[in-house]
Structures are given as C-alpha cells and as structure tokens.
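There are structures below to look over.
In what follows, chain A forms one complex with chain B and a second complex with chain C.
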Partner chain A sequence: MNFRTVLATVGGIVPASMIAVVVFLTTYAWPAIEYNGVGFLGGMHWNLGNLYADPIDLSGVQILPGASYGIFFLIVGTLLTTLIALLIAVPVGVGAAIFLAEAVPPGPRVWLSFLVELLAAIPSVVFGLWGYAAIVPLMAQHVFPAMAHALGWLPGFGEPIGSGFGLLTSGIVLSLMIVPLIAATLRDAIDSQPAAVREAAQALGATRFETVWRVLLPGLRSVLIGACVLATGRALGETMAVLMVSGNALNTLPQTIYAPVSTMAAFIASQLDSALQDPTGLAVRSLAEVALVLCIISIIVNVCARLLLAGFGARERRGL
Partner chain B sequence: MGSWRTARWSKFAVSGALALGLAGAHGAAAAESGRLLETGSSLLYPLFNIWVPVYTKSHAAVQISTQSTGSGTGISESVSGLAQIGASDAYLSNALEKQHPEMLNIPLAISSQMVNYNLPGLNAQHLKLSGPVLAGIYEGKITKWNDPAIAKLNPAVNLPADTIVPVHRTDGSGDTFIFSQYLSDTAPDWAKTIAYGTTISWPSVQGGLGAEGNQGMVNSVKQTPYSIAYIGISFKGATDQDQLGEAMLENRAGKFVLPTDQTVQAAANSMVAKTPKDERISLIFAPGADSYPIINYEYAIIKSKQADVQTAQDLKTFLDWALRGTGGNAASFMQQVSFVPLPASVRKLSNAQIAKING
Partner chain C sequence: MSAPVITAHHHGLGLRANADAERLRRRQWFSAIGWTLCGASLTLLGGAMLSILGMVLVRGIGALTPTVFTEVTQGTGGGLLNAIEGTAVIAAGTVVLAVPFGIAAGIYVSEYRWTAWARCIRFLSDVLVGVPSIVLGYFGYITMVEWLGWHFSVAAASITLAVLCLPYICRTTELALREVAPELREAGFALGASPARVTFSLVLRAALPGVVTGVLLALAISVGETAPLLYTAGWSGYLWNGQLVRSPIGYLTYVIWAFINEPFAAANALAYAAAFLTTAFVLLISLASRLLLTRRR
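Let's look at the complex of A and B:
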C-alpha cells in the first residue's frame, strides 16, 4: 500500500460516512416513507395510535389503529427557532466582532476574545439547564409581560404570554450558543485584513466605523456567510438546550412568539422511548424519517450558502 | 517478507478477536455477577431509592443502580436486556406480550395518582373533579377554571376566570397510562378517540405544557399559575411542600375522594380477587363507595431468561426481599412513598412468576 492509497482511504472516510449516514437513514426509514407518503411533511398530527390495541393490517403494512405521522409542526418549530436565533445572533455577532477587532485596546482584546470563544465551549445541556433555571422564570415574570404590554399591537406579540417555555426563549438560548461562531470567525477575518487597506481608507478620511463597515466587511461577505451557515447548522440540530426550554408542544403551531414549540432534533430525542413501545416498529422508523428530513434541510441550507458564495465569487471576479 | 506479513496479519487477527471478545463481554457487562440495573417509572423511583441502601446493607455482594426514565423506557430497556429490572406503572400490551412471551409483569406494591393544580389562593381547598371534566380539560373543551362543568361540582368555591393550563407527560409514562385509563373508563368520547397508553396523542390545547418525569410535572405546576397535572402519589411530599392543590376525584359510586391509605386499600380490596395469573390487570375506577379511582400495581418488568445464572439468582433474591412484609413491603417503606403493600393473594401470584426467572 503506497502513501497515496492510504491517504485516499483515510480522506475518503469523511464523505463516505456522510453518504453512509444518509443511505442508512433512507433504508431504515423506507417502510415509514412508503406508508406516510408526501402527507408526512404537511400532516399536522403525530399520533402513535392506540398502543394497547392489536395491530391491524393496512395493505400489507402492520400498523396500530389510529397511527398517523405528520411533522408540519416540527418543521415550523425548527425553522422559526433557527430564524429567531439568527435574527438575534447575526447583528450581535457582527457587532461583537467589530468591537473586538477595532474598539478594544490590545491588552484586554486577548482575554475578551478568549471569553467570547469560551462561550462556544460550553456544552449545550449546560445552556439548557441555565435557560431552564434562569431565563425561563426571567422571561415569564418580567420580560414577556413588558413585551406584551409594549408590543401587544403587533400580531403574534400579544397575550397570552404563557409560562416562559416557548419559541422566543428557545431562540434566545440558541442565539447565545451560535453568537461565538459568528463573532470569533468574523473577528479573526477582520484582524487578518492587510493593514494597507485600513490605512488607505483612513487616508481618504473614513472614520473607524466607516472603515470597518464600508471597506473591510464587504470584502468579508464570504466569511460572514460561511459563519452564518455554520451557525444555522448548529441551530438546526441543537437538541438538549431546546428540549429543556421549548415547552415541547405536540401537534400545535405557535400562535404567539411566547407559545411552546417543538423542534425536530428535540422531538427525536424525547420521543424515542415512546416510539419503542410500538410493537410494529413503524414509530421508530418514522422518527428515522424525521431525522432524514432534518438531514436534508441542513444539506439544502449548505447548498444554498455555497451557491451564494459562488455568486459573490463570480461578482468579485467581474470586479463588482 | 512472506513470514513478516503473515506475522503482522496474525497479530491483527488476534487483537481483532480480543476486541470482539471484549465487546461481547461488555454487552453483558450490566449483567456481570453482583450488578443489577433498574430503570423506568418515576413513580416507583422514590421507593427503589429507599430500598436499595437498606438491601445492600444486608446483601453487600449486589450493586443495584436506579434510574428514573419513565415507564416506557423501563419496558423497552427490560425487553432489550439493557436493564434487569424495568420499573413500570403499566403492564405490557397484548401485542408486546405476544412479541416477547418471555417477559414477566411482577407487581411489587400498589400505588396511586393525584391530580394537582396551582390556583393562587385556592390551593388549600380540595377541588372536586370528575373523569369527564378532566377529559374535557385535556381535550381543550373546558378552557376556563370557572367553566359551568367545574362550577357545578364546586358550588361553594369562588373559581377564577383564568385559562386552564393542562400539563401532560412527554416521555413514555406509566402515569399517562393510568390517567388515560381513568379518562377512558369515565368519558366514552375519550375512549373512542384517544384511548389509553404510555404515550397517547394528546389533543392540542393552546398553552398546554409538556413535562418530563413526575418531578418535571411538579416543577411545571409550581411555576405555572392556573395549571393542572397528574402526579404520582410518591411525590406527595414535594407537592405538599410546594403547597399545590390536590383534587378529590369522583369514583364509580359517585363520591369524591382523596388518595389516602384507606381509599386506596378499599379500591384494592375490590379488585385484587380478579387479578389473573400473569397479573396484567387495570385497577382503575374500582367499585366501592370509598374506593379511590386511580390506583395501580407497580410492576417490575423482568425477562424470564436472564443473561447468566448469577444474575438470575441475584434478581430472584432481591425480588423475594422486595415482596416480603419484613422486607421491601414493610410499612416503614410504604409510608414514606404513600404506597400500599401487596395483599397476600397477589404476593403469591408474584412469587409464582419470580420462580420462572432463570439464567
């Protein structure tokens, strides 16, 4: 075996395992995919059926009476929590990156940056526990009533304010988890811009903020998009933290921003043991189908980001 | 060169075989002699936690680990062999029993379930609630605390006009099983549309919450005003400490009762004679003027064919101890969790099932 073959094998393990995961999920979930059909994505009702009744035969498939699997509320919950997390994390992350790169003197810069990066090292279950113990009561008792009072005229921001477990709380906890990804990556990129560009901008009379905002950042579009995609991927798949603060809604869409939701990742984690109670095995396979849908959504997000980056790259080459 | 290659491959083969052997041994690691894993019902968990230290004092060679994961997990881990004792408030369904005929459902004690609520200012009073009213609340048909159906049962109480927040279990739960059995037995439309199980399709109620484990239910009710939840009796200490309200439930005779030793014993007395040999029976909605409607056997779901002889022996010794009036079923243990000890006739049936465990 020569060096090239060994390198190819080891290097090939990564894409091969990704393909293997998707193929495994598809084959394992195939009976559920066949049974559920397209209605799976649009169906509003996740129902394991009557666990204590005898399975019936529906055109060759053994199912429990009343079983039907629809995950529309999960898709909505996942996308909404990720959207809220990004809406909070991107401005905060970009602001933090600019602040760390430009406004902080070199002394404190090192340990402040270290603290921001350390936020990414905190395990998600710790975020979940902190969210459960500290954020949820804070939201329920102080923040949500104030928001409903001030913003109640906006659709989706009014009463009822619920118990603190819900969409906005999950979005806030998620945003804290993805801010370091954006801030650290962008700060490194701003730092690594050549001094000549900075000096040229300042020679033309730009203020410090204008230098960053109009000259440095536009050149870092691709880095920002890359960081946001990473952040989106993390937010889409986040399980434990969301499980503990989202309220675990079943079969309902959130009517207000304070209402409980359920995300796909948290749902799989919390429903696996219940699904194992199904003697026909269809419930576990449907959960595998949920995992497959999550996988596909992540892939789509990444592909879109790649296309965006390619688009920007083409514009840069054309000199725009 | 050839002999060097052969030597290298044989080394690979030996280490590969060793690894496989270790992996195989590790698969049965939980069943190593002297180690038992109990997992499952959060309702039975407090009792196991007071049993294990006392048992290991007199049986030092056995290590018992306990986990509170929900009856659904208890059942599935016992079926798969990951745990030796699957604690569950729910017996196996007919379909699961048919798929896994080697599983035994062994009652260890009789427990009950409370319905708790958090009404600011009213928690000291015991509200009267019936099965149909609870079904209406969890279906989303009864949305306010001062609904006529609740007011009719509680004419002397000044009920608030706030929205009810029903809390249910999100994990596979024996508490869900017995609560939904009560609703199925008392409300025909619930029986037809939702029925009962460790996991059921909870109707969507705006603002309804999900919680994990009995402790999660206690926390949810404590933190959420105007909420209502079904909580196992072994958490009565916690609900009393948090000053949560406890409801009086309507029994089959039409009377409203609290879960006390007397009412649970009365319900048990009227149902135990009907217990079959495999001990899979619902004790819900028992007849009798004093009977409490939500009582159940606390089951240890055990695989009759254990991994090895030593594990089977350790298991049988522990279960024998747990069933004895001088051992686990002693009043000192039962009182701490508000359970009722097994009657003699059921103990005999349980002992007969324990005899079937072998290694």
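Let's look at the complex of A and C:
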C-alpha cells in the first residue's frame, strides 16, 4: 500500500464515524419508530406505561400497557430556549464584535478578544454550575419579580414567576455559550474587509459608526447568518447547562416565560435511568429515537450554516 | 468640481443650514447611541466571564483541601482522587485514539484536497462537529455499553470522546498544513523524497505548532465534556482498577453536575473544587495553544 492509500483509509474513520452514528441510532430505534409512528413528534405525553403490569404483544412489538411516547413538549422546549438564546446572543454578539474590531485599541484588543474566546472554552457543566448557583437565585429573587411587575400585561410575562429554573434562565445561560461564536466570527470578518471600503465611506463624510453599520455590516450579512445558524446548532444540542437550569419539565408546555421546560438533549441525559426500568426496552429505543431526531435536526442546521459560510468564502475569492 | 457645492452650501438659505445641522446632530446621536450599545455588549460579556471565573476561583479555591487530592470519594464526601485519576485516564485514552486518526485525516484532506474523497471527509467531518455530544454519548451507550457488552468503562468513554474530538483535530491539522508554502513540498520532491518523507519531515514539521493546538483542543474537550460520559463512563468512587472494559470509572465533570444538587455542604464543596480543577486546566490549555500560535507568528 502506498502512502496515499494508507492516509485515505485511516482518515476514512472520520466519515465512517459520522455514518455509523446515524446508522446505529436508526437501527436501534427502528422498533420504536414503527410503534410510535408520526404521533411521536406531535404527541404530548411521554409515558412508560404500567411498569408492574405484564407486557402485551402488539403486532410483534412487546409494550407495556398504557405506554405512549410523544415529544412535542421537548420540541417546543428546545425551539423556545434556542430562540431566546438567539434573541439575546445576536445583538450582544454583533455589538461586541463591532466594539472589538473598531473601538478598542490594538493592544487591549488582542487580550479582550482572547477573553471572549475563552468564554467558549469554559466547559458547559461549569456554565450550568454558574447558572445554578448565581443566575437562578438572581432571577428568582430580583429579575423575575421586576419583570412580572413591569411586563405583566404581556401574555406569558405575568405571574407566576416560579423558582428561577426555567425557559428564560436556560435561554440566558445558552446565549452566553453561543455569543463567543458569533462575536469571534464577525470580528474576524470585519477585520478582513478591505481598508478601501472604510476609507471610501469616511471620505463621503460617514462617521466611524455609520461606516461599520451602514457600509461594512451589510456586506457581511451572509457571514453573520452563517455564524448565527452555527450557533443555533450548538444551542439546540447543548445538554448539561440546560439540564442544570431548565427545571426539567415533563409532559407540560411552558405557560409563562419563567416556567420550567425541558429540551431534547437534556431529556436524553436525564431519562435513561428511568427508561431502563421498562423491561420491554421500548423506552430506551424511544429515547434513541429522540437522539436520532436531534441528530437529524443538528445535521440539517449545520449543513445550512456551512453552505452559507462557504458561499461567502466563494464570493470573497471572486473579489466581491 | 466641489467648489460650487461648497459655495452653495455656505450661501444657502438659513432654513437649509438649519436642516443640515439638525441632520448632522441626529447622525451624531445615532453614532453615540450605537457605540454605547456596542460597548455595553462587550462589557456584558466581560462581566459574565469575570463572574464565572470569580465564582469558580473563590468558591473553588476555598474548597481545595489536601484531602481533595489524597482521598477517594466516599458517598458524597471525601476527596476527588478517583475522579482526577479517572479524568486523566479517559483523556489520555481519548488523545491516544483520536490523534493518529485525526491527523491522518487532516493530512489527507490538506495534501490531496482536490480528490472527491478529501471533500467527502471534510464535509462529513464538518457535519460530525455539529452532532450534539449527548447524541454521541447515546451512540456510545447502545453500541459499546449494550451491544458489545462492555458496560460502563474506560474504553467506551474514551472511544466516544475520540469520535467527538476527531473532526476538531482533522480540521486544525488541515488548516495548519495548508498554510505551509507549496514551494517547500516542491523542493522536497525535487530532491527525490517520497510523499511520506515530504509530509512527515517537511510539511508536518513546519506546521507542528498548528497541529499541536489541535491535540491540545482535543485534550481540553476530553477533560471538560460531561454529556458523552454520563452513559459511557458511569461513575465509581474507587480508583481505577486497570480494566479497560466492564468497570465504571469516575471523572471530575460528573462531580460538578451530581454533587451540586446534594443538600450537603461537603458535597457542594467537592463540586466547586472539581469545577475549579476542570476550568483551570481547560483555560491553561487554551492559554498554551494561544501562546504557541503567537510565538509562531
């Protein structure tokens, strides 16, 4: 075997792993996919059934009486936490990127940029710990009461404010985890814009802020969207931090922005122990189906982000 | 060209000048508000970062006693020796498994970048980066823990983390190798060196700092991850018995997650101590790879 063949074979482990993940999850979850059908995505109840009853045979699949698997509340929880995270992270990330690229002098800029990048290096369980020990009490005692008082007339923002564990807290912690991605990508993109564009705008009399806001940023729209989609992917799949601050609601939809929720990723992490109590194994397989759904959503989101970012790279190379 | 414009401007009606001044004032306000909001965003990020670091430092160092390093966990008290050892074993296993495969893939994707197979590896590697770590953990559970019957074990944990780290190493290696000047390769080939010789002795050596940052990144990930380990490593309060399969192992990030929920001060202190050790290690690695890259430039 020559050098190239060896490299191609050994390197093939990367695509092989990716394919193996999807194939094994699908194979393992198949009995659950057949039993749950389409109702899996729209069903409101995740119920293992009567654990003390004898399993019944339903067209070849062993199930517990009363077992039903629906993850609609998880899909809603996942989408809502991600949405809140993005609503906070996008403006903060854009603002921080502009300030870092245009207002901070070169010396401190290196270290401030590094500080923002370090935020991305902090393990997610430490974010969870910080959320649990610092943010949850702060929200429950000060922020939520004030919000309910001021915004109570808005649907979803009134009482009850709950315990501090919930939708908004998860969104806030998630937003801090994805902000570095948006800020770092956009800052690099602003830095890479040709000086001539900047000079042209300033020669026309634009202020420095107008130069960034009205001239540089519109040209970077696809980078920003690409980075935001990538950040969405990360927020959708984040597990530990959400697990520690979301309140882990089961079978309920949040009625207020303060209410407990659960996400697909956090649910997989918290439910295996109880799923293993099901002697038919259908619960563990349904959990694999949740993992498969999450995996497919992440793949779609990620491929979209890569296509957007690659499109920008191609235009940049053509000199546009 | 511009002279008449300026004259017209200066001799224009008072009304026009007023409107211009008003517009300029609005634009200046817009810019000032814009800068303030941008500065506030950065301050918010910096504040959050300092708050996290402060909490981990203050409560973590306060919880660091000699027992943390000398004793194993007993129930929810004792020390963290077993978890520190377990994290080290799992991380070492991950790096040993992921580095050769990841670097090989990275070399192929960079040096044979025009081939369809290289594009396929790069694309699926980018997709793999986006797969949530808990999904990889569940994959590890159904394949190794259940199907192969390894139970909770070092092997299942390290292989799962290796799959997680592969695309990162592949990507960093590729980017580092692509920065090496093509003339270096041409010079090597002109002297009659084989492709393997050119890659290892010239290209890889020139790109070494970049490749090492990929390895450091893998190390940081394997020390800081929790979700993929929940169902592959399990938990054990004892020191590692040297078994690769059929023997659960403790790790630091588990302590943070599980012990902070306990109603005992001793358990919470262990969680903070574990958070301090994990965070300090991960941040030191980030700093090291940063210095490595800066020194190269």
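Rule of thumb we're sticking to: the second predicted complex is superposed on the first by the 284 of 320 C-alpha atoms of A that agree within 3 Å, B and C clash if a C-alpha of one lies under 4 Å from a C-alpha of the other, contacts with A are read in each partner's own complex, and residues count from 1 in each chain.
Here is the rule we go by: a contact is a pair of C-beta atoms (placed from the backbone, for glycine too) under 8 Å apart; a residue touches a chain by one contact, two chains touch by 3 or more.
As the structure is a computational prediction, the values presented were derived from the model and not from experiment.
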Legend entry - chain B versus chain C as contact partner of A:Y52, first or second or both or neither: first
Inset, instruction - Scan A:F127 for contacts with chain B and chain C and give back first, second, both or neither. - result: second
Inset, instruction - Report for A:C295: first if it touches chain B alone, second if chain C alone, otherwise both or neither. - result: second
Inset, instruction - Between chain B and chain C, pick out the one touching the greater number of residues of chain A. - result: C
Inset, instruction - For A:Q255, decide between first (touching chain B), second (touching chain C), both and neither. - result: first
Legend entry - Set of chain A residues, in rising order, touched by both chain B and chain C: none
Inset, instruction - Going by the contact rule at the top, pick out the chain B residues touching chain A in the complex. - result: 69-70, 72-73, 75-76, 93-96, 98-99, 163, 165, 170-172, 195-210, 212, 220, 223-224, 227
Inset, instruction - Note which residues of chain C are touching chain A in the complex, please. - result: 27-28, 30-31, 34-35, 37-42, 44-46, 48-49, 51-52, 55-56, 59, 100-102, 104-109, 111-112, 117, 120-121, 123-139, 141-143, 163, 166-167, 170, 194-196, 199, 220, 223-227, 230-231, 253, 256-257, 260, 271-272, 275, 278-279, 282-283, 285-286, 290
Legend entry - Touching residues on chain A, where the partner in the complex is chain B: 45-55, 64, 66, 136-137, 140, 160, 162-165, 247-252, 255, 259-260, 270-271, 273-274, 276-277, 279-280
Inset, instruction - Would you mind writing out the residues of chain A in touch with chain C in their complex? - result: 2-4, 6-8, 10-15, 17-21, 24-25, 28, 91-96, 98-100, 103-104, 112, 114-119, 121-130, 132-134, 176, 179-180, 183, 207-210, 213, 230, 233-234, 236-240, 243-244, 265, 268-269, 272, 287-288, 291, 294-295, 298-299, 301-303, 305-306
